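Going in written order, the chains are labelled A, B and C, and every chain counts its residues from 1.
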Amino acid sequence: MEFTAAQIASFINGKILGDENASITGVSPIENAQNGQLSFVSQEKFAEFISLSEASVIIVSGKFVKEENYKPTLIVVEDAYLAFQVLMNLYQQMREEKKSGIEQPSTIADSATIGENVYVGAHSYISDKSKIGNGTQIFPQVYIGKNVKIGENSIIYSGARIYDYCVIGDNCIIHSNTVVGSDGFGFQPTKDGYQKIPQLGNVVIENNVEIGSNCSIDRGTIGSTVIGEGTKIDNLIQIAHNVKIGKNNVIAAQAGIAGSTVIGDWNMIGGQTGVAGHLKIGNQIRVQAQSGINRDVQDGETLFGTPAFNAGDYRRSYVLFRKFPEIVERINNLEKNSKENTNE
Amino acid sequence: MEFTAAQIASFINGKILGDENASITGVSPIENAQNGQLSFVSQEKFAEFISLSEASVIIVSGKFVKEENYKPTLIVVEDAYLAFQVLMNLYQQMREEKKSGIEQPSTIADSATIGENVYVGAHSYISDKSKIGNGTQIFPQVYIGKNVKIGENSIIYSGARIYDYCVIGDNCIIHSNTVVGSDGFGFQPTKDGYQKIPQLGNVVIENNVEIGSNCSIDRGTIGSTVIGEGTKIDNLIQIAHNVKIGKNNVIAAQAGIAGSTVIGDWNMIGGQTGVAGHLKIGNQIRVQAQSGINRDVQDGETLFGTPAFNAGDYRRSYVLFRKFPEIVERINNLEKNSKENTNE
Amino acid sequence: MEFTAAQIASFINGKILGDENASITGVSPIENAQNGQLSFVSQEKFAEFISLSEASVIIVSGKFVKEENYKPTLIVVEDAYLAFQVLMNLYQQMREEKKSGIEQPSTIADSATIGENVYVGAHSYISDKSKIGNGTQIFPQVYIGKNVKIGENSIIYSGARIYDYCVIGDNCIIHSNTVVGSDGFGFQPTKDGYQKIPQLGNVVIENNVEIGSNCSIDRGTIGSTVIGEGTKIDNLIQIAHNVKIGKNNVIAAQAGIAGSTVIGDWNMIGGQTGVAGHLKIGNQIRVQAQSGINRDVQDGETLFGTPAFNAGDYRRSYVLFRKFPEIVERINNLEKNSKENTNE
């Protein structure tokens, strides 16, 4: 696809400085944009690139434009970042046509219900009594167990596995190879070994949830594991049985939430964080990466460390940990002096 | 499926208090059970729910039943938790009929041996000379390499990948998207880059092992990576080449065991724990979540921290770490006093 | 496959001590080698096994051979480890015939370009306009999006998912269930929830890269996420959007690199390590397992801890952390003495 500066400016109500016929076929970050590419500058630290860049067209926030001639064609807007987002959304819609239709060979149970304008990719498998809502796209090689319900306009990427009885809402995105509804990790010790506790619940994923690739979301033992509306989950994340996650949380890659923990709304949980089981986590907390939470957390806390406590306090203690040898040296000196004093 | 209180009581030899015709169609934890659901109360902290619950039928340990009229129908047994487990096992057997037969399209090599009452789901692939034992269920979209042996009555869920020459025992469960037998991570540095060391061993998974979803179990370089009988492995776990894990271990999500480490029996390893390579870990140890083990471990140790040491000692040190600023303040004061003393 | 000592000696120019007709059908580490197996001894600590082993044939470095009669047949070479590697490579080539041809049922778009001697396994899916280079092997059940380019003689194992527009070089290996090109984790907060930022870039994997199983490599937001030539990545690893990794790095299992971080060449990054976003990491650094890097790193640094600093310094501080209770006891005593002194 090729666009001219004039076309782009019309999409975002921008003012052109330079050649309105300059054309682009791709986009790039400003620091390595080439001839034929579109870029944008919305931060002061990148303003110097405006005159240096090889980009053919640059969208620029008005405040960064000086009285001079630029080699790239500029499109001047109030907020270049927002304008660029609008453009990228348009571009994505053009590039990724929404798929529909049933590809063969695929396996769809007679008792399954497939909505209108649904896409089912080849080599996918949809089991008995499952329902796929209108406009939802099931990419190739997906597995959907029995009695699963998926809402409207959701996207399930290739290789995702949705076990029996799980429920996924509208406008959800589930990336490749994520598993929804594998058995919770529940065993009873006996003298001969561990006996499996049946995992009879399900997973409920509410609307507007996005889950990255290679995540594991276990089903409830009884009752549901729940991912609340608008929550975004990165890659390689573990959500254990009967966890309840509220709305609009952001959980970064490789974090893990242990069984039955309840998490509120609008929390930000850093990568590789662990949250122990059976806890109650409030709202609007922030957890630094690699922390380990082993207690209930109040609204608004910022946490760091294993076990995690206030992040500022953690950093203050950690600065001293780094100086531990000098601190002990000071104690040695005090002891030496104390001994000398005593011996005097 | 619908059951009456009378039917349920007959399964578990319980005594009915209330309406023996009360019927249920589902189960729920007691704290949010609804009309039409079955629940149970086996712990003191939930005893108050017996009279408050909307559940239609509740299984109750005898000691929690008082002389009063309850709205839900009660089924009184000695141990409500055990009775509920029995029931859940029955329920699961009714709900999950054991599948058998070969679905099409699937790919099964002519030289493969498929036992009796085996299920092979559509879009699965079974390579040359592999053997699948009686009663084993291979869900859709599974990959089984060549010369693989799988025992009897095992379940391999959708999207699991079993590389060439691996061996899986009887009554094993392997959840979706777990990979058994990918190459060990072995490279020799040369001045031009890393040269791959061939990974010619396999993985041996003994009987009654369960492995969660999205795990990676690498094949041995030469010889086998072994998961011992009855060991249970959660999700997203890394088991490196030539690791030997004994019997009845429990390993929680996102833990990783590095190459050639040998682990005994009946250990409990917490989530996100790392165990370094070439170590010898005894029996009946407990490792707190997120620990990092970098030394051999004796039987019965309880460990925490990175590097891990005795968990009680770790907690004692960590309490002081949290107070580090006050501790240094005490040193400052001592120095001030010492100086004053010296100057006196 | 069966080989005699004479055949093996001829492959590696070794000298036979013992029966040149001794035959082997498998290989094993020396500590548990059995009759009919080949093993090797290249390290002093294993030299005692030469006379004790049940192995039929052992390759031995010359310096470990004494004047005596051994039960196993020995093949004496200068460096047994190197000779064994040569042999293992030969063995692998014999055992793993390179596959070619298109298996059915598979889905290959008419507009896709498939090179010569390519293998496409059954149940695989190759989308519009993608190109697969000569000699590349695509195992069963792989998904390849549109406009993907894969070079020559690469291997993509079963269940790997390559999203649209990604590029993979020559001689690469991508293990099962790894995902290349899932969306970067980019959302803009609004008062109603998080709004998805389109992820329009791709992933570029250069030549001679190996990626383990169950990894997630996210596409760039705009521009590319890059894995440089010769870099080796273990299992369950997260590489976020717009990360640039240089040449010949080794990254161990369960590590994660956050968005836009740039990593140089010849680094070794330990398992379960986290690297924060937007950092610049030099060359030839070493990071101990479970570390957390939150700052730029200079060439040659060795790091440990969360946040990570010099590994030797970390260990010195950690030794003191373990003794924290005694250290505080020393402070207690100093305070007691100081008080006594003051009271005197």
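FYI, contacts are C-beta pairs under 8 Å (C-beta built on N, C-alpha and C of every residue); 3 or more make two chains touch, one makes a residue touch a chain.
Given the structure is predicted, the values throughout are model-derived calculations rather than measurements.
Visitor: Examine where the copies chain A and chain C touch and state whether the two sides share over half of their residue numbers (same) or under half (different).
Guide: Different-residue interface.
Visitor: Give me the rotation angle that lays the C-alpha atoms of chain A onto its copy chain B, rounded to the nearest 5 degrees.
Guide: 120
Visitor: Please compute the C-alpha centroid of chain A, do the same for chain C, then give the distance between them in whole Å.
Guide: Those two chain centres are 25 Å apart.
Visitor: Got the chain B residues that touch at least 2 other chains?
Guide: 105, 123, 141, 159, 177, 214, 236, 254, 272, 290, 321, 331, 334, 338, 341
Visitor: Residue numbers of chain C touching chain B in their complex, please.
Guide: Contacts found on chain C: 27-29, 32, 85, 88-89, 91-92, 95-96, 103, 105, 121-123, 139-141, 157-159, 173, 175-177, 208, 210, 212-214, 229-230, 232, 234-236, 247-248, 250, 252-254, 271-272, 289-290, 318, 321-325, 328, 331, 334-335, 338, 341-342.
Visitor: If you look only at chain B, which of its residues touch chain C in the complex?
Guide: 105, 107, 123, 125, 141, 143, 159, 161, 163-164, 177, 179, 182-183, 185, 187-188, 192-194, 196-198, 200, 214-216, 218, 222-223, 236, 238, 240, 242, 254, 256, 258, 272, 274, 276, 290, 292, 306-307, 309, 313, 316-317, 320-321, 327, 330-331, 334, 337-338, 341
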